[in-house]
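A single structure is presented below for examination.
The letters A, B, C and D name the chains in turn, as written, and every chain counts its residues from 1.
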Amino acid sequence: MYSFQNDYSEGAHPNILRALETINYHQNNSYGLDEHSDNARELIQEALEDYSVDIHFIAGGTLTNLTFISHILRPYEAVLSADTGHINTHETGAIEATGHKVFSIPADDGKLTPDLIRPVLKLHENEHWVEPRLVYISNPTEVGTVYTKEELEALYTFCKRHGLYLYMDGARLSMAMAVEETHLTFPDLPDLCDAFYIGGTKVGAMFGEALVIVKEEFKDHFRFNMKQHGAILAKGWMMGVQFEELFKDGLYLELGRKGVAMAQVLKDVFEKTGIPLLAPAPSNQVFPVFPDALAEAVTERFLTTFQCKPDPEHTCLRFCTSWATSEEAVRDFVSEFEDLASKFNR
Amino acid sequence: MYSFQNDYSEGAHPNILRALETINYHQNNSYGLDEHSDNARELIQEALEDYSVDIHFIAGGTLTNLTFISHILRPYEAVLSADTGHINTHETGAIEATGHKVFSIPADDGKLTPDLIRPVLKLHENEHWVEPRLVYISNPTEVGTVYTKEELEALYTFCKRHGLYLYMDGARLSMAMAVEETHLTFPDLPDLCDAFYIGGTKVGAMFGEALVIVKEEFKDHFRFNMKQHGAILAKGWMMGVQFEELFKDGLYLELGRKGVAMAQVLKDVFEKTGIPLLAPAPSNQVFPVFPDALAEAVTERFLTTFQCKPDPEHTCLRFCTSWATSEEAVRDFVSEFEDLASKFNR
Amino acid sequence: MYSFQNDYSEGAHPNILRALETINYHQNNSYGLDEHSDNARELIQEALEDYSVDIHFIAGGTLTNLTFISHILRPYEAVLSADTGHINTHETGAIEATGHKVFSIPADDGKLTPDLIRPVLKLHENEHWVEPRLVYISNPTEVGTVYTKEELEALYTFCKRHGLYLYMDGARLSMAMAVEETHLTFPDLPDLCDAFYIGGTKVGAMFGEALVIVKEEFKDHFRFNMKQHGAILAKGWMMGVQFEELFKDGLYLELGRKGVAMAQVLKDVFEKTGIPLLAPAPSNQVFPVFPDALAEAVTERFLTTFQCKPDPEHTCLRFCTSWATSEEAVRDFVSEFEDLASKFNR
Amino acid sequence: MYSFQNDYSEGAHPNILRALETINYHQNNSYGLDEHSDNARELIQEALEDYSVDIHFIAGGTLTNLTFISHILRPYEAVLSADTGHINTHETGAIEATGHKVFSIPADDGKLTPDLIRPVLKLHENEHWVEPRLVYISNPTEVGTVYTKEELEALYTFCKRHGLYLYMDGARLSMAMAVEETHLTFPDLPDLCDAFYIGGTKVGAMFGEALVIVKEEFKDHFRFNMKQHGAILAKGWMMGVQFEELFKDGLYLELGRKGVAMAQVLKDVFEKTGIPLLAPAPSNQVFPVFPDALAEAVTERFLTTFQCKPDPEHTCLRFCTSWATSEEAVRDFVSEFEDLASKFNR
């Protein structure tokens, strides 16, 4: 039975494995200063249509977040995050461990807006409070929603007006960009935030994320901070090679479209069977809210993840597809689930 | 015009000044290892009827909180605090700067209860989350409420059952203990939490708080952590002498009763003139909620502190009395305020 | 021309690539909780003949060092390291960034001994000093020397007697164990220190080190600290698979023997041509000290690393072989170098 | 018997006690934003003949050092200190606890020079090393030596040329300035370093140091960092009043001259009796090196501090005088010591 528990349970896209094998005995410069990493950086810059950005490859999202955020903040500066934000919940206090408060802002759909941030700024009036400085968003969010280009424009404009930085956690960036309604393209990104990362782990790589630093003043000495946090890999070209492959011929975006397409089939069957969703699910994560009995039956038969209990009689589960989810796996699920649901609907 | 802005705008109780002068040329051991500090420790132990506790004098509440909390937590452990808790708002991220997340729990009256904490524990299920370990409370709270002995018993029982530590920030402890309904006495304290501090700065001292460590395992090597955070004063006996005076003949509790008595006069005039309060105000801080126009008039005439705007038409101000507030100052205020209010009530 | 600059310029052992390809589409549990990681852990335990140790896979040496060391020390505790120790020089203050002092002890051959540590302990007498708690050693050291089993026994006995922990950085452990005179075998290791790591990156893996925790009290909650430092990889089985291969049929030790054998050929040619070494070079790193003119000629013709200038007329270079260095590459070097040296010896 | 153990065993100068008493019931603004602190700042600026510097009062030297240093460094930047430097030895790793490496430079007389620093800069070549950024000196040093104006000029010129900051720990600044050969005056100081602190605790205050920030870019948001480290005192005027008194009519310098004069009497008797010194002792600390038997006899009869054992047969003790040391105390010591020494010289 195929598992919908997450989008990081399979290996790497075959192009990546092939490339790693091809160059295996070639001697490379170490620490990410090799030609594959350089080439991957260029391919990404080309996709972004911006050759001024700095790009660093780091082995994992938490490591990327903590290394970047600790680099740009002064000791008394804080991060604003949606309460569901990954750094606020699922990174074991990694940001606080570097000394900075994460100020949590309740947001039902996991998205931050100027209206949500404005009162927080007002509250922080003097040196007895931390100084809000960085707005952290994830796109897609942890509840499966995505930001439109317009929403990002409004948010970034607001940030710049208030001396805030904007950083986007793109662990599943490809999955957000595959959602057509967002109208988000690669060349938009450097205009919409001060830095972001292009997630590889959840989009076809073995491991590795590409941090893109747009804002000039954040570039200086960044490799010192990487090394200090153990974020420079000796054999850095291992990530360079992977991003070379992901950014050849649009593979990165293609893998996202694949993952999203599969998830939308799941969404359709939930809608068809009258199961409401926790939040709109345009991307590769779907959060159906089942009556408890059905949730139990689903959990027994399928591999999925518990999300929350929105009320005492209902259970929300997460269904997640990946770049490697096959149409067959989805078809099998749909047919089995329809059977199951029909028994409960009687 | 007397200022009600806070309870730390006046100097020290005259007994303290006199004592400091008396011993001025005596040579003392440094770093808090002198006979005055030892004597003060004994007097406090006597009041607590517990000679097993460790007592350290530290020059300020934030320094006490951050030194103690960073001492007892492992890197991935977090603090639970009411959203209004001093460490969560007014200490510029001091706890996070030592590496620990402060998890903020909304609490209208500033008080934590088992019912508020239970769901938070459930949420933190594995190594992707910080591990909740310390419950931080302030007594009185930042909105002027106090814990009864019963509430503290219930909270501590809950904490022990769930492997949580309980720490009480007693910046104004004397002011909480002066509230008769709490039924809280000194000998109760070591049975009601793992550690607490007895605030001096806001109760008649020039500066200095007495941290009382009850739990055995927290005592070890604490002076190392103090020194590392700059919390060992070279002339430590300066604090020893102050606490000697505060704990002679019940002066510490007397000063609290004085402060609270004065605040209750203020509370009475607000109630008499129909001004509602933000929260019950049994202690030395009163938070009247004025119609905006009256708030403005009050602010023009009296020295007080802006607290918040509970709604667009009202403004809440803080009135704070101290051990040094005179009956005359309060009487003057009452009479002037009644005049003012009567103009607005017409 | 083959590069002797370091031992991390080539890819992975072919068995590893093959294994990763074989399981590519299998769905695995995430975060290192998969069957390959479990199996690798068992294979390592088997080699160590100790099934009680905990084993964690982490993507890099600096990340392993900082995660482990920050886990076991209390805030005021310090690490003792040889002045050449990797954490003291080449990790950009990673340990200090977690809050702990690294006390540097001058050691010509890069090795710590009880005699070197004893006076340091005496110096640190009270709470004004950090508390020395962890002895960090690397084996092989950064100057190419290795510890014998006897030396490790003496050091660990000393540590235990003085309440110190002993941790061994085994980035090139296989290269130390390949040196016969050390008499060091896998089953010895859990008896000789409280924790150590078995380096993969420099011994045939793409990336990944296996941290082995021996001391019981260090095991608790370690995954929390890993996650906090970004040291849990989503696709953790990528490292599990690699260590499965390295610990099948003694491959790990075989690769070390290979690397060391190649380096010894280099050493021989230096000795034969009358070039002294900076330190004894029994392992895979050789540090010849050339007259400046020869050093310059060597640097022009071969790829190697500058180490230091022991005096104004001489230059020390590092020659490093790896598991992948071929006999042919070494033979070519020897022949070319002999030519070169003969010109200078005339 | 008068104790020469340290210069912080007596209380405060009587002017200070009198001033605190006079204003005791006056209500002041809190957190150092009061008129006494403002006035003290102006008096200090006047002495420095520089009205552009920022001045902050902090309760203790370690707290001042850690708050300032953590404010100005980026995460990967390090401090250079003489091996005897206070932050490197006697502050329990306080700087490392804020995340920064202290690089220790051996210096026999406790003083740093360009020649000592130059090779350290060369060593730190890239992102694998911390980035040396701040030079920390204490004046007087921990072994009683002082910097001349010329030495400070040379050092600061060197620092500026190499992008280093220079910070002077002036815990006993008055005692250094009392040494005539240094030719150091208050107006020189802002031209000789980027920041320094004027120690109060060891020069007649109850507690408190005045941090003087010269470099423009260090001034911004400094109070945020102070609050975060618990370095803003609620009743901040307590320090303001003290520095008002110390900087009225040259009292601060007068107290230094007094302390130094008394120490020089001690130095003379040691020289007269043929006791060598550990280092030149122009200030208020003298470090005589006694044959062990005499050291023992001295220790039995007088209160002094063990410093070190320069060789197995000798013991070095520290004799320290203060602003409050009386001529009589010194006279008594001299006469008793001469008796004692004569018995050993026979």
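The rule is short, and it goes like this: contacts are C-beta pairs under 8 Å (C-beta built on N, C-alpha and C of every residue); 3 or more make two chains touch, one makes a residue touch a chain.
Everything numeric here is computed off the predicted structure, so don't read it as measured data.
Engineer: What chain lies farthest away from subunit D once each centre is taken as the mean of the Cα atoms?
Structural biologist: Of all chains, A has its centre farthest from that of subunit D.
Engineer: Identify the chain pair with more contacting C-beta pairs: B-C or A-C.
Structural biologist: Taking the two pairs in turn, the one with more contacts turns out to be A-C.
Engineer: Distance-wise, how many Å sit between the C-alpha centres of subunit A and subunit B, to the nearest whole number?
Structural biologist: So the centre of subunit A lies 42 Å away from the centre of subunit B.
Engineer: Please tell me the distance, in whole Å, between the geometric centres of subunit A and subunit C computed from their C-alpha atoms.
Structural biologist: 34
Engineer: Would you mind pulling out the distance in Å between where the CA atoms of subunit B average out and where those of subunit C do?
Structural biologist: 51
Engineer: If I count partner chains per residue in subunit B, which residues reach a count of at least 2?
Structural biologist: 75-76, 91-93, 97-99, 127-128, 130, 224-225, 227-228, 232
Engineer: Any idea which subunit A residues touch subunit D in the complex?
Structural biologist: Touch list, subunit A to subunit D: 70-71, 74-76, 98-99, 127-128, 130-131, 221, 223-228, 232.
Engineer: Quick check: in the complex, which residue numbers of subunit A touch subunit B?
Structural biologist: Residue positions touching the partner: 75-76, 78, 89-93, 96-102, 104, 127-130.
Engineer: Flag every residue of subunit D that touches subunit B in the complex, lowest number first.
Structural biologist: Those in contact with subunit B are residues 2-3, 6, 8-12, 14, 17, 20-21, 23-30, 59-67, 91-94, 97, 201-202, 206-207, 224, 227-235, 238, 324.
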